[in-house]
């Protein structure tokens, strides 16, 4: 570790002294504990800024929407892992998080990226209807799905998306990214003739753009929120387990054709 | 999947219909979004109950304390993972969580377990000083460390523990588990002649017992809170990376004796 | 990184120069590739020593036994994870490995630890029948299960254990740890009146002791072998998926009582 | 779990009866243990076929090359995780594997994909020099790096790639994918004027194509091989730890500017 000069190893997030813990410039004990809620502190941890009350309202709503989605593959993976290693609860949560990739949480990232790229370098007065039209046309030409639209269950409207857009509007955070997402949905329905409501991940992707979060970090909100949801699933699994039952059914069915051959 | 009868695969956490998402009996869109913060919703997700304002104040403070502890091994592991797989942010968070085991977050679980077991089956009027004395004596006889006491940096007092106990007291949640933890600290200092302040994990373990959380789930609070902290580290790593620099220094130093042999 | 003196960061495993890669003192290109198989190289990587042909035969058999155990919770977790993040195959394997803890692979570690501790400091001529008797008696008095005995399916004999003991014996590696494991099984059957055959993890635990592997590393053999098995499951999942089907069945059944309430 | 008809949950990998364990159609006890080495069994587990002696020679060499690459970010992440959760060795390996993504192991996958796509649907007698030229031209036009070429340390030749190609040729597995990889390297050096030797991941990607492995599974070989390497690192970490030392140096340096501000 001697070669010089080297870029410094440097972090601006936190440091401690014997009497103080400082996170993002705030004294944890004096300025945070007892005065902030977890969602507001998450905003501080992630951005280095204190959320305004209106930002806090929207940000908490975003995160809450991502906590719990029922018996997802992620929850099943966490419960299966807990069955094998109940002494390593953290590893069961980790296993559940590992699957939050392109298929399930990725559509949120995809929506944020689509909106970000569509408006990158565009002037404030850009015609959003035209951008929506061009975006849909380009994706359809490539045969690509449009991120953030459609839901297998929530039809004709995803009630979470609707509510998130309301909350954003009530708090002055419904700007041109939200408008573009809505324009893209209208244009996609027009072009395909299919009902394609904006789903929760589409709404979250758009609102994340309003916050100015980089699209490649949007997935992180889903990851941290789902960690909470998974701990809830593991508390239930500890009380009333289902993993062993699922395992035995799957094992039994999966190899029946071999055993009976 | 035919053998009968079988225990049902059953979860009480959440379900969805086309128009509603229900989590722990609450309508997510109507009753939660825009009305709860993330910490309060975490309480609902984990316990199935709505936190009272005083419970919410204490629970949010507990979780916030666990979000960020600086450049921990967990944060370094997450950053190393991100350097190799930036497209899999969820896997980097998962890697960071995997190390929240017996050494770092376990002391929280250990404190909760010690307090839980010390008061299990004891009458309300039990003499806490005597229980503290017996607990310390038993642990010292076995040569075991006392969970939740002492800190390498925060001496003679861990300011986070002090503040958490204040918040618990202000909100009517400073009961006999907190009193016992404090009694154990006094007794341990008396018996060893060393300064052994209650640390943050000791305070959290005690307060978790006041909530009635099972000790084997206390680790989960650390895991879900730290997931937020790790996303913050990865947002910073994406902007100003340090993982490659650390890697090169470590690799260079670790094999120097072989290359120079 | 300036304070001195500090313990060195040092690894003896491997180093590279522009023209050579050296692992455990061997030139990878000249001495290993084309001359060793994967199991033998694993022995070198883990121990720093070249396996004798007889050690290699036994070690390869141990590892192979651990590769594939059917549709385990670990395989299900890996497949669930792959369904959500097919672009992160490594995270799906990681998720599957996270559950190799105290319940499934731990019995191997438990057997190795039990045998190691039973013979720690004992002279070569120790009476193994007496040690077996005392070990079983002590475990039964504590109400503890005896690691490495019994199997829900493989009765009255676990054919893998039998074969592994044969291979160990044929290769001169059936010493007093194997004899003690067998003595413990006989004693446990006598004391309980139940059929308690040595299972595969019991045999592996005993043979690992013959190798002199530390008991707390025995789990690692299961982890590395199962990584191979999991990649096989993911190759199959990519061709003929089952994760989404399992997910939908579980979700449907788990929340039926809520939807129908 | 009642709706009908449904696709079956089905796996062809393994099943057990009280007296037999069958993996990929082979009786584990009778046909495998004591007769196969780990690399050959991995081939069976992954492909369902028994490797010929020549395939086995090449496949074992591929895997061995991937086991150990020194103090990589992956090894550092595993060691950091072990420091926090030594009781969860499996989680430490999992954490190390999580980072085997696009940056480190992905180049192997990228090379396999590039070669696969370049020859997809091409007749046997295709002019490989022309394909190499077109491939390099297309990648250069897009400003993309060429997967499998170049190495920061191994210059002007990566000795592992050279040896792997030799082993493939000696065993009749040096076909048109290997030839194309070599043609691409020549063409890339000609076009750029830079030394761009085929690196180990380029050689492995090409040889995997000779085996007919799907490109999106090639990463899996790196993952399973590295699991072995990581267990070796953790055995060393348990004996002579470096994680805490690295942690303290990083923490000290990373926040120095904050503490001194």
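Here the chain labels run A, B, C and D in written order, and each chain numbers its own residues starting at 1.
Here is the rule we use: a residue touches a chain if its C-beta (ideal position, glycine included) is under 8 Å from a C-beta of that chain, and two chains touch if they have at least 3 such contacts.
Remember, it's a predicted structure, so these values are computed and weren't measured experimentally.
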item	value
Groups of chains joined by contact, in the absence of chain C	one piece
Label of the chain whose CA centroid is most distant from the centroid of chain B	D
Interchain centroid distance [CA atoms averaged], chain B/chain C, Å	30
Whole-Å gap separating chain A and chain C, where each centre is the average of the chain's CA atoms	36
Chain centre separation (chain A, chain B; CA means) in Å	23
Touching two or more other chains - residue numbers and ranges from chain D	1, 9-12, 14-15, 17, 70-71, 85-88, 90-91, 94-95, 98-101, 105, 242, 246, 249-250, 253-255
Chain B-facing residues of chain A, complex	1, 3, 6-7, 9-21, 23, 28-29, 32-34, 36-42, 45-46, 56-57, 60-61, 63-65, 67-71, 86, 88-91, 93-95, 97-101, 105, 153-155, 157, 159-160, 162-164, 166-167, 170, 214, 216-217, 219-225, 227-236, 238, 240, 242, 245-246, 249, 252-253
Residues of chain D touching chain A in the complex	1, 8-12, 14-15, 17, 22, 85, 87-88, 90-91, 94-95, 98, 249-250, 253-255, 257-259
Interface residues, chain D side, partner chain B - complex	1, 70-74, 76-78, 80-88, 91-92, 94-96, 98-105, 242-244, 246-247, 250-251, 254-255
